[in-house]
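Scroll down for the structure; my scribbles are underneath it.
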Amino acid sequence: MDDIVMDAPALEAFCKQVFPQVHQDFAVEEVAPMRLKVRLKVAERHLRPGGTVSGPSMFALADVAVYFALLSMIGPKALAVTTNCSMDFMRKPAAHADLIAETRLLKLGRTLAVGDVLIFSEGMEAPVARATMTYSIPPEPAPDPAPGA
Amino acid sequence: MDDIVMDAPALEAFCKQVFPQVHQDFAVEEVAPMRLKVRLKVAERHLRPGGTVSGPSMFALADVAVYFALLSMIGPKALAVTTNCSMDFMRKPAAHADLIAETRLLKLGRTLAVGDVLIFSEGMEAPVARATMTYSIPPEPAPDPAPGA
Amino acid sequence: MDDIVMDAPALEAFCKQVFPQVHQDFAVEEVAPMRLKVRLKVAERHLRPGGTVSGPSMFALADVAVYFALLSMIGPKALAVTTNCSMDFMRKPAAHADLIAETRLLKLGRTLAVGDVLIFSEGMEAPVARATMTYSIPPEPAPDPAPGA
Amino acid sequence: MDDIVMDAPALEAFCKQVFPQVHQDFAVEEVAPMRLKVRLKVAERHLRPGGTVSGPSMFALADVAVYFALLSMIGPKALAVTTNCSMDFMRKPAAHADLIAETRLLKLGRTLAVGDVLIFSEGMEAPVARATMTYSIPPEPAPDPAPGA
């Protein structure tokens, strides 16, 4: 479990291809074995009145963070899907500041992966939210498929 | 716990005022004591490639559903905030179909409210997701505060 | 999804065999397709000082409720395991009253099942807790395995 | 947030007094600001057939871990109650090995505290489970109560 198979540029290129609507929201900051840091580049569309980042934007960040951490270890599996999420919203993010998600994969099984995430509002020390995400990993296509399969 | 204090038009008017960015996404379909049904009017911006509704859009729907159910019982408290969420994503929504959230308030306390939600893809019988949301309710301003307090 | 394959006596007999330590704690009250009701026969060992039922006892009840609901639909799979749980503890149970769990299976897939549970303290109308449990279902042994496999 | 007000012996003495049924199950291993490590001394009553630790026992350990971490920071508040829990069961604990919970408080507010927990089976490197617990903290009694209040 110590080899990264996709680095930050590979993850961003893949994201651009499969999630063209949202790829510009995120920047991968660090990739390490079973760990990843990603930034939500907060823009007007992520905000609620008063300048705080919306709940759905924080959900999206946590979800992307674990997805990228997973892909960094297993390669480009567009079809991995979130099956479960729990989140705690603990503090109000600073107005207009970017959010940083720090994630670690706690389990990387054959069919299920679990990662947890702390979300920080840039410039604040305490986390604004935490999340855990479970991903279901689609089975490998059978090796040596018959031609035309 | 059986009197509704905000009905569907009141909830939508309030939403338009406090969440101008997203109010047009949602339509309140039914309001009953401790229960509420709300529709996500699925548009291009809610979709992932392939036409399926994105996770953040489902989160937003579940969050709004419990928020509206809460407001229907306690009136317009813009400052109630989500503190916890758990979600299970169980089936792939039909492409381009609206989503319907059916929520019930399980607890309506003085400081905390808990609601759960089933999300249906219009036209499918089985739910596509479930969620539980906890809201923290801000304290009432003290009645008859002393002048200058 | 409408045929029950284990009824209440079959579930209790199976429980007695595989969980000899705890089977006497639980009584299956009702089994219906995708739904099940089970009682925790509250005894001294389930209580905290003051007579309220402990959190671990409520967890055990929710876990058993979804497990039994699952087995009622798929038969005796001792190896199904809980992979995820979320619970909300909403009210204090009545002292020394039994607890009743009402569960419904929301998803019964090939490898994952999801059920939610409301827990009632007998004699109280509002639920004391809610839970959602995900079970991982072990793969079927391959049909007609080669001899010696 | 950096002063511990109850150390390991104080926590164990308090536990013995308020939870006489279970205090002998747990040993506080380390207390640091906003962090705590506690051991479940696994005995026959915590096991399922095959020697694996039961889910309710892991729930109890996670719950106690966050409770102790909270008390270590705010002092003996027997009435703090769990309001929410999420857990992921990721690996099978080793048979008959003790479990170690490592917890950190992520939020210590006036009325709510949130802590997360990794549970390790002694001798295994990867965690067997993770949990997040929310505690509701009872309000302070008013200062200087009238005599006899």
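Think of it as A, B, C and D in the order they're written, each chain with its own count starting at 1.
By definition in this document, a residue touches a chain if its C-beta (ideal position, glycine included) is under 8 Å from a C-beta of that chain, and two chains touch if they have at least 3 such contacts.
All figures in this text were calculated on a predicted structure; none of them were measured in a lab.
Q: Looking at A-C and A-D, which pair shares more C-beta contacts?
A: A-D is joined by more C-beta pairs in contact.
Q: Measuring between Cα centroids, what's the chain most distant from chain C?
A: Relative to chain C, the chain with the farthest C-alpha centre is A.
Q: What whole-number Å value describes the gap between the mean CA coordinates of chain A and chain C?
A: 33
Q: Please work out the Cα centroid separation of chain A and chain D, and write it as a whole number of Å.
A: 29
Q: Any chance you could list the residues of chain C touching two or more other chains?
A: As it turns out, chain C has residues touching two or more other chains at 83-84, 86, 88, 90, 134.
Q: Quick check on the complex: what are the chain C residues that touch chain A?
A: Per the stated touch rule, the residues are 83-84, 86, 111-112, 134, 136.
Q: Can you check the complex and tell me which residues of chain C touch chain D?
A: Within the complex, chain C touches chain D at residues 18-21, 45, 47-49, 54-57, 59-60, 63, 81-90, 92.
Q: Give every residue of chain D touching chain A within the complex, in rising order.
A: That would be residues 86, 88, 90-91, 106-107, 114, 116, 118, 126-127, 130, 132, 134 of chain D.
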